[in-house]
Amino acid sequence: MSGSGLSPLARTLEALLFLSPEPVSAEDLAQAADAWPDDVEQAVGELREAYAPGARGLLLREVAGGYTLATAPEAEPAARRLLAKPRTPPLTPAQAETLAIIAYLQPVSRPEITRIRGVSADSASATLLERGLVEEAGRSQFGAVLYRTTPLFLKLFGLGSLDDLPDPGQWDPTPEEEADLRERLLRAGEQRAGEPVAPASS
Amino acid sequence: MTVSELELDLEVFSGPFDLLLTLVLREEVDLLEVELADVVVGYLDFLAARGDLDLEVATEFLVLIAALLELKSRLMLPREEDGLPELEPGEAAEELLARMLEARRYRHAAQHLARLLAGEDGHRFRAAPLPRWLRRATAGDVVAAYDPTQLGAAIGGLLRAPAPLDLRHLATPRVTVAERLSHLRALLRHGATSFDDAVRGADRVTVAVTLFALLELYKQGEATWSQDEPFGEIRVAPLGRGAAANATAHGNGGGR
Amino acid sequence: MSGSGLSPLARTLEALLFLSPEPVSAEDLAQAADAWPDDVEQAVGELREAYAPGARGLLLREVAGGYTLATAPEAEPAARRLLAKPRTPPLTPAQAETLAIIAYLQPVSRPEITRIRGVSADSASATLLERGLVEEAGRSQFGAVLYRTTPLFLKLFGLGSLDDLPDPGQWDPTPEEEADLRERLLRAGEQRAGEPVAPASS
């Protein structure tokens, strides 16, 4: 390739291939870029040259479905170090609260979690599901999805079993209360909300 | 529908302090002449266009209007009646000024953010799943990464049931239009009444909500009202079924 | 850029930025590529040059405390045709104001936002949460949920960090304007001394 960069059409095709997770056919490229097939072919040629093996960290690959960008094999070890390890970023407060409710009350439904927290736990529980810390455990009698923790949860928290969860008594503001933990959490949640919580959709 | 939709619809403000600032800064408008009634009427027209009254939304809107009423009344009323500390005119003006300037600052910051976002238009990020060779589960690598005490601490925090938070009057409506509607209807079942009677002993928010309920009764053709002079007594009389006798007995007001 | 391509380290970094769904900090790049920070800095410089505006269909962006690749705006019409996905919808005035208050005052509670705006921020903050621009940041001493902005906020608004937000004092009125405003408010306040007692229904 010339050092001065790519033609406008080649730049557009590069952006399209970058964005698309799937290979894109020459026809689709032409249609999206509003260009003639001949021009697209020529622009693809420019890209092929720019992404010649050894030139960059990415390669232009021609597969059955069309064209796609992929990383060069040399970068694999670094990519593994960056991305293949289990992701354990610190839990956000919302995630920690949601995970604690699930850990101590399991199985527990999403509407119950919402009532205890006073705010929706949808995005927090989605993240916990995605990271494999919790999983679905059937449905409540009202049809709401129930959650429980996973074996990965125990491993990541260094717990042998759920019995090893710390006794929340030492953080309990009113440890003298006798009632069941679930009942007390629901009551406190409703008091914090200050008004009856609308029934959560499940 | 929510009040935020209404904000969009009016397209003039996104909060009472903004509205107030806009009005005050307009050379021709004196704060004392801000016609809050126009805002209410505009809202009623908006509702009429939609064809139904959502009481919950109406109440929410009233909270907004009540905030404006309070600010305005601080300047108009020589005396506070509900225990709020009385402010000297100078103090009231300073407090109002401070709140308006604070709201203004964030309104401008909001515009700056909107411009930033618009400037980013056209930059797209890649959102593709990781290739399969990076997704391989490596169960053996898992080591403890989290401290279980944060779970116990979170439960402890959730067990806390605090004293109710003082959100000032505008965070939570204490009275609903529905309540004041049934209050007015109950009064009107006994014939004509006056607005002062309907709100005797009530706080300002209740007064505002009652006024709104009265507008609703008027719109529904259940009641009529009249006022002979500015700041004069507002007479309220029932209309419709069974109201004729009462209306005659009390006279139906001369101001209509 | 030189036509002969990138150094091996720059190629590796390019591949990492292509794969990673989030911006990657210089430290994480160095660790993954097993390279010295100085070398990483130099390789990033190569990439910056290779992706100089106008050279390619992609740009190297520095947002949310890291580096990431993004498409150049010229490709936006084609990208919209290919992906049929709307771009980020603009914010309503109420959402922008709520976001501004959270951005500058974080962590901040919903009642505090309501106090500043003078009108409820509930639906605006729900939308911001849903769009991932803000997240919960624990609870205030009274149990109210606190909010802060997310890395996605920085990414979508093109900010390297919160420090890139301008001083909000720059939007304060001039002393003359402020004096004028105070004057008008005082005049309104003094007028009331001579006013008749307004009925509660004013």
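First chain written, first letter: the chains are A, B and C, and each begins at residue 1.
FYI, a contact is a pair of C-beta atoms (placed from the backbone, for glycine too) under 8 Å apart; a residue touches a chain by one contact, two chains touch by 3 or more.
These figures come from a predicted structure and were not determined experimentally.
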| Which chain has its C-alpha centre farthest away from the C-alpha centre of chain B? | A
| said: Using only alpha carbons, which chain's centroid is the nearest to the whole structure's centroid? | reply: C
| query | Does A-B or B-C have more contacting C-beta pairs? | reply | B-C
| message | Centroid of chain A to centroid of chain C, CA atoms only: how many Å? | response | 21
| request: Determine the centre-to-centre distance between chain A and chain B, using the mean Cα coordinates as centres, and give it in whole Å. | output: 38
| note | Per the C-alpha means, the centres of chain B and chain C lie apart by a whole-Å value of 29
| query | Can you list the chain C residues in contact with two or more other chains? | reply | 18-19, 69, 71-72, 74-75, 79, 139, 143
| remark: Listed in rising order, chain B residues that touch 2 or more other chains are 124, 126-128, 130-131, 134, 157, 160-162, 165
| said: Which residues of chain C touch chain B once you look at their complex with the stated criterion? | reply: 18-19, 21, 59, 61, 68-76, 79, 87-88, 90-94, 96-97, 99-101, 103-104, 111, 114-120, 123-124, 139, 141-144, 155-159, 165-166, 168-169, 171-173, 178, 181-182, 184-186, 188-193, 195-202
| field | List of chain C residues in touch with chain A within their complex | value | 1-6, 8, 10-16, 18-20, 24, 28-29, 31-34, 54-58, 69, 71-72, 74-75, 77-79, 81-83, 129-130, 132, 135-139, 143, 145
| query | Taking the complex as given, what residues does chain B use to touch chain A? | reply | 124, 126-131, 133-136, 138, 141-162, 164-165, 172
| request: Please name which positions on chain B make contact with chain C in the complex. | output: 2-4, 7-8, 14-18, 24-25, 30-32, 60, 63-64, 67, 69, 72-73, 75-79, 81, 89-90, 92-94, 96-97, 99-114, 116-128, 130-131, 134, 157, 160-163, 165, 167-168, 170-171, 195-196, 199, 202, 204, 207, 211, 231, 234
